[in-house]
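Chain IDs A, B, C, D, E and F follow the sequence of writing; residue 1 opens each chain.
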C-alpha cells in the first residue's frame, strides 16, 4: 500500500476530491499547511515595517491506497490540481507497511 | 420610463429637465468648491434689538422645548435660542449610534459573511467610505442636500464647507437641535448608505473602483434623494413641503437609505458579475460570530437611526423606539422559524438576517405606525425577504454576495409600501392630512426611487469600468483582496 | 415551606391561594390573548376642559421636570403633559444599553466561555429568547407585569398588546418618561433575565427545549416577580406600595433579575445533568477574547440597567452610576487579586467574573447606597462568589457550566441582603421610612424568591422533559450543537 | 531644565519648591488615607432660609439650564438646585462612552496588534488598570485632582473617599451636571490615560510591574496634571483660573491625557528595551479584525471624551461632536492615502492609525476650533504621525510596540500646538480673551508636560525596576505572557 | 523504527494519549485535520444555499516508536479510540530510516 | 529521495528556513502541530478548574530532498533548531518512492 502526500492549491481541493472519488478512492485526510517553494509570496506592511510573507497557504492531502490504485490516484490528482502556474504543488509517494481500520480491527488492503 | 409617466403633471414637467440639470450641476459644482478655505463668513451682525419677550412668552418657549414644538416668541427674541439640552443630547447620542452602526457594526455584519481572505477588504471599504463621504459632506454634500435656495431635486452650494451651519443655532433640522448636529446626524446616514452597497459586491471589486463609484453615486443618487425626501422644499417631502409633487412619507430612510442602496446594489452586482467559483465553490460565511456581533450592534445603533429621526427625545421618538424593537425582534424570530419549518434548522444567520430585515422594513414607518402595526410589519419582514433570499435569488442566478438587495432592496421597498398601509395619526399627527391616498404616493416614491437608482447606478458603473476597471485580476481575487489590495491578513497565527 | 411560614400573616393569608390562582390564570390567559389583533381602543376622549394653569403653576411644572418630581398642576391641565426630554432621552439610552447587554454583550460573554463547537448555540439562544420574549411581552407580558387592576402577585390583561400604552403619556413608569419607554425599558429586563439562565445549561440543552422552558418560565416566574417587586400594587414593592406585605427594596433587579435567573439556573442545571465528559475532558473557554469583549459591553450596558432604573437623569441616576462603577471595578480587581494569592495567577477570566459579580451585587442597592458603601459591596462581591465558584461548586459536583448560579444566584442573593445593610437615606430619601427592619424584609424577599424560583423551575423543567425532552442525543452533544441544531459552524477556514 | 527657565517668573517661583512638595505630599498622603471608612461627614445643615426667588428669577434659572449657564438666583435659593436632566443625561452617556473606549475599545485596538500569545495580557492590563485606578480615584485621586484648598499643582485631601461629592449637588464640574457625575466622568479619563501607555510596553512587561508603575505614575503625573489643567485653581487652566501661570487651553486632554501618556510611554519603552527578537522576527498584528473593531469603538467612545467635555448638551458639545467627526474621518482617509502613495497599499491598519491620530490631535481643540479648521487639523493628523511612525521611528530604533508615542505623544503634542493656532472665539467665546499670545502659552504647556512626564517616568521606571523588576524571564516572554502570567490562552481549539 | 499515523475522533485524544503512556510511549505529535471517509458529514445552510460538509474534524497522531513497541502501540490506539461507530479512523504504519533528537544529536532508537 | 520530518520550536522556523536555503533546499511544507514529549506543559486555571496543558505548540517541517542532500539537511536543521533546552524536537527520516511536480508532470529527483 502507498501513502500519497499531495500539496495543492487550496481552491483546487474540491476538484481533486471529485477526481479521486471518480477512480474509487474513498478516504483521505486533509491538513491546512503553509508552503514554501519557487512561488513568490507577498509583502505585508504594518506601519513602519514591511514583512515578506514567503509562506503561502496550501492544502495537504494524505491518501492511503492499495498498490494497484496508486498510479491512477497520482494521475488523477495531477490532472485535477494543475493550473500550469508556479505553485501548483507536489506529490510524494511513500510505502506503507500496514493499515488498520480502528472500528473493525481489519488490517492491510482490506482496511484501506 | 413608464414609471415616470405615472407621475403627476407637476412632477412630469419638472422632472426630465431639472433632473439632468441637477445631476450635472451637482457634479460640476463639486469640483469647483472642493478647494479648502479656512475663511468663513463673519457671524451675522445682530439685528436691531426686538422687543423683550414677556414672562408668559418666556415660559411658553420653555414649554415649547418640553413639547419639542416651535418657540412662541418672535424670531430673534427668544432667551433660549440655542439647542435644547434634552433633545440635543438625544441627537448627539443618536448620531454616535448611527456611526456605531457602520463602524464597527456593518463592517462586522458584512465582514463575518465573507471568506477569511476578504475580511479586511470589507473593513477597508467601510472605513474608506466613512472618510470619503465625510470629506464630501463637509465640502458640498450637506449643502447639496439641505442648503437653502435649491429646487425640488437638489439643494444649493450656499452651505458649502458647512458655512453658515452654526452650533448655537437651531431650525435647520428641527426646533431644538443644534444645526451642527443636524448636519452630523445626516452625515451619519450619508456614510452608511453607500456602505450598505458593499454587501452586494463583496470579495470582487477593486478598492479604487469602490471609492470612485461611491463618489459619483453620492452626487447622482444620495444627495438628490436626501434633498427630495427630507428637505423642506424637496420633491417627495410630504410632511414638510406643501408643494411636494409626491406627498410621500419616509421617517428614517426607507427610500433614501435602503431602497437607493439596495437597488443600486442589484445593478452593480449584475454589471460586476459573480465571484470566481460562484455556484461551484463553497462560499460560506467565515465567522458567524463576527456577523452576530455586528447584528447586535446594528440593532442597538438603529435606535439612533429611527428614534433619532424624531429629532428630539419626545413621544414620537419613544414610539419609534418601540416600533423598532418590536419589528426587529419579531422579524428575527419569524425568519428563524421559517427556516426551521422549511429547512429543519433555525440558523444564527437566519436570526441575524431577520433582525436586519425587520429593522429595514420598519425604518420608513418607525415614527408613523403604532407598536402593534410594527409587530405585523415585523412578521412580514421575516417572511418576504426570506422568500426572496432563499428561493427567488437562486432562480435569478444573482451573486448578491451578502444579500444587500435581498434585505435592503426588497425590505426597503416593502417598508415604503407598508408605511402607506399602516401609517396612522394615532402614532403621529403628521399622518392625518396625508393619509388619504398615501399608499399611491408611496408607490410613486417607490417607482421614482427604483428608476433613478437603477439608471444612475448603471451609468456610473459603466463609467467606472471604462475609466479604471471594476474587478481585480483573477489571481488577486483567488488569493483574496486582503493581502493583495491592502497588504495585510485578517488573522495571523 | 418553612420560609413561607416566616412570612407575615397578611401575606400568609394571600399567598397559597392567590399564588396558584395567579400562576394558573397567567398561563391560561396567555393562550387566549395570544391572537393578533390590529384594532386598538380609540384614544380616550378628552374630558371637559379643566381650568387653565396659572403661570406660577406652569413654572412649577417645569421645575418639577427639572427635579424629576410630580407635576404641580391638576391632572389633565399641564401644558407639558408628555415625556420630559432629558429624562426621556436618558430612558431611551438606558433601554438601548440594556438591549446591548444581551445582544451582543451577554452572548459574547457566555459564547466565549463555551467550546468552539457550541458558540453559535449560545447566540441562537440569546437571539431566540430576545424574539420570543418580545412577542410575549407585547402580547400579554407587559400587561401581566404592570397592567392595572391585578392583585399583589400579578397584573391584569388590561394592557394586552400594549393597548393603552401611549408614547405621549407619562406616569406608567414615572413622572417624566414616556409610558411606551417604560414598557420598552422593562422589556429589555424581561429579555436578559431568562437569557442569563443559558449560562448554566450551555452546551447540552435542545434549542426547542430552551424556548419552551423560557415561555413557561416567563409566566410562572418573571411576570409575577416583575409585578410583585416593581408594580405599585406589588407584594414586595416597599417604596411604592403602602400595603406591600413585604416592604423590601430592589433598585434594579437583585431579586427580579439575578436571583430568579440564578436560582432557576441551579435547579435546571441539576435536572439536566452535567455535560458529557464533564470532569474528564477539558472544557476550557474557547475564547477569552470574546468573553472579555462581552464583559466590557456588560459593564457599559449595565449603566442603562442601574442608572436607568432611576427613571430619569437625576441625582439618583448619578449616584447609581457611581455605585455601579465603583462596585464593578473594585470587584473585578479583588477577584483577580484573590486568584493571584490563592492560585498564583490573576486571570482575565478572574477580572471578567469579578466585574460581572460586582455589577450583579450592586444592582439591588445601586440607587440606595452611597459610593463608599459601593466600594465595600464591591470587595464582598469579589470574594463571596469567588469562594463559591472556586471551591464550593466543585464540592457539590455541579455543572453550572458558565457559573450563572455562582455569579447571579449567589451574587444576587448577597446583593439583596447587603442592600438591607447599606441602604441609606443619604443616598436616596425613599430609604428613610423603610430603613427600620429593612434587613428582615430583604430576607423575606430573598426567601420567597428562592422558594418560588426553585419550585416553579423544577415543575417546568419536568414538564418540558416530559413533553419534548431536554437534551439532544449524545452524538449531537459530542459533535456540537452548532452544526446539528443550527446547521452552521462558528468559524470556517 | 531650560524649558522651566522659559516659564514666567510667577511660575518659576512656585515651581521647584511646590512641585516637589506636591509630589512627595501626594505620595505620602495616599498611604495614610488608603484605609477604608464607611463613615462620612453628615450633610451640611441647611443655612437660615434665604428669600424665596421671584417667578422671574425662577424662569431665569430654567433659561440658564437651557443655555447651560449659571443660575440667576442667589446661591441656595434655586428651586432647581440639582443636576439638569438634559445636561446630566449627556454627562452619564459621555462617561459610559469613555469607559467603553477603554473596555473593550482600547483593549481590542491594542490586543489586535500584539501577537496571539499576548492578547490576554493586554486585556489583563486594561482591566487591572481600570480596577486599580478606580480604587485610587475613590480613595484620594479625585481629591488630589479636584479637591478644593490645594495649590496650583495639586488639589487636597478634602474630598478623599469622595467625601462631600453629592449626587444632588452641582458646580464641582459645571453648572448643571451632578457633582458625582463630574467625579465619574473624570474617573473615566483617569482610567484610559495610563491604559494608553500599555501600547508602548506591550508583550514584555510583567503584570505586577505594570500595576506598580501605574500606581506611582498616577500620583506623580496624572493627578497633578488633571489638577493643573482642569481645576479652577490649576497652574495651566487658562479658561477658569485668572491667576494661571500658563494661560493654556486644553479642551479634552491633549496635555493631560495624550501627551502625558505618550511621552511617558516613550521613556518607559526605552528603559524597558525592545522585545526579544525585535527587528529579526516577524511581529505582525495577530488580528486586524480585533484592531478594527477597537477603532470603531474608540471613535464612537471619543464622542463622550470630546463632546462630553463640554459638560452639557449645549452648542459647544455640538461643535465638539462635529470637529471630532471631521478630524477622525479625514485623518483616517489621509493616512491610508499616504500609505497608498508611498507604499502601494492603503492598509486597514493605516485607516485605524489615522482615525485614532485624528481623534488624538483634535482632542485639545475639539471645543475651541471650527469644523473647517477640524478638517485641516485632520489632514495634518493623517500626515505628521504617519511620517513619524513610518520613517522616523525606525531611525531611532525604538520598539514602541503599538505606537503609543507615535500616535499619542506626537499627535497630542501636535494637537496642543494646533489648538493654539486654530482656536477661535467663533467656536467658543472662552477663546476670546485668551487668544492673544495663546500659541506661546500652548508651547509652555507643551514644554512643561514633556519635561515633567519624562523626568517622572524615568524615576518611577527605575524605582519599579529596582524593587520588583520590569521584565519577565526570556522563556516567559518567548512563550507568551498569557499562559505564564495569567494561566490562560486567548484562543482554544 | 516505525512511524505510526493514527487518524482518530477528536474527543478520543485524551484516552489514546493515556493508553500510549501506559505502554511507555513518551512522545507524539498531534495535528488537527479534516477527514473524509465513509462517515457522512452534515449539511450547512446559509440563506439561499445548502452546503454538504463532507469533511469532518479529526485528530491525527504521529508517533515514532522502536520496532518492538510498534505492535503494542497500534493495539493500544485501536483499543482506546474505538467506539464501534463509523468514522473511528485508521492507523497507518510506515518504516522510519532514522531519528535524530535535536537537543542531543542522538540518533536511531536512542533518539525516539 | 528522503522525506525529512522535523518537529521544532516555533520561533526557530525562520532560522531553520535560512539554514536550509543555505544548503540549497528550495521547498518545504510547514504545519502547526501540538507536541507531547518530555518537556512539561503549563497549568491553566479557569474559575474552579485547573487544567494541565501538556501539549505544546510546535512547528512541523516536511522536506523532500534527494538522497545526497538528506544528511546535510538533517545537519542544517539540527544546528539551527538547537537551543540545548528540553523540547528542541526531533527529526524523522523516511524513504520516498516517487515525487511528482504537478505543474510539469516531472518525476523523481528532477521534481524535488
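Everything that follows uses one rule, which is that a contact is a pair of C-beta atoms (placed from the backbone, for glycine too) under 8 Å apart; a residue touches a chain by one contact, two chains touch by 3 or more.
The structure presented is a predicted model; accordingly, all values stated were derived computationally and were not measured.
S.K.: Chain by chain, through touching neighbours only, how many steps does the shortest route from subunit E to subunit F take?
M.R.: 1
S.K.: If each step moves to a chain the current one touches, what is the fewest number of steps from subunit D to subunit E?
M.R.: 2
S.K.: Show me the overlap between the contact partners of subunit C and those of subunit D.
M.R.: B, F
S.K.: Quick check for you: after a Cα superposition of subunit A on subunit F, what is the rotation angle, between 0 and 180°, in steps of 5?
M.R.: 120
S.K.: From the mean C-alpha coordinate of subunit A to that of subunit B, what's the distance rounded to whole Å?
M.R.: Their C-alpha centroids are separated by 48 Å.
S.K.: Please compute the C-alpha centroid of subunit B, do the same for subunit D, then give the distance between them in whole Å.
M.R.: So the centroids are 34 Å from each other.
S.K.: Give, as an integer number of Å, the spacing between the C-alpha centres of subunit C and subunit A.
M.R.: For subunit A versus subunit C, the centre distance works out to 54 Å.
S.K.: Between subunit A and subunit D, what is the gap in Å from one C-alpha centre to the other?
M.R.: 54
S.K.: If I count partner chains per residue in subunit E, which residues reach a count of at least 2?
M.R.: Touching at least two other chains: 31-32, 44-46, 94-95.
S.K.: Residues of subunit B that contact two or more other chains, please.
M.R.: Counting only residues that touch two or more other chains, subunit B contributes 55, 59, 62, 65, 84-87, 89, 93, 282, 284-285, 293, 343, 345, 347, 349, 487-489, 493.
S.K.: Which chain pairs here would you call touching?
M.R.: Touching chain pairs, listed by label, are A-B, A-D, A-E, A-F, B-C, B-D, B-E, C-D, C-E, C-F, D-F, E-F.
S.K.: Tell me, which parts of subunit B touch subunit D in their complex?
M.R.: 36-38, 40, 43, 55, 58-59, 62, 65, 79-80, 82-89, 92-93, 95-96, 99-100, 103-105, 107-108, 111, 119-120, 123-124, 127-128, 130-132, 134-135, 138, 161-162, 165-168, 178, 180-181, 183-184, 187, 207, 290, 293, 485-493
S.K.: For subunit D, which residues count as touching subunit A in their complex?
M.R.: Result: residues 282-285, 339, 343, 345, 347, 349-350, 353, 389-391, 393-394, 403, 406 of subunit D touch subunit A.
S.K.: Give every residue of subunit F touching subunit A within the complex, in rising order.
M.R.: Touching subunit A: residues 3, 17, 26-31, 62, 64, 94-103, 105, 111 of subunit F.
S.K.: Would you tell me which residues of subunit E are touching subunit C in their complex?
M.R.: Of all residues in subunit E, those touching subunit C are 11, 14, 42-46, 53.
S.K.: Where on subunit A is subunit D touching in the complex?
M.R.: It comes out as residues 44-51.
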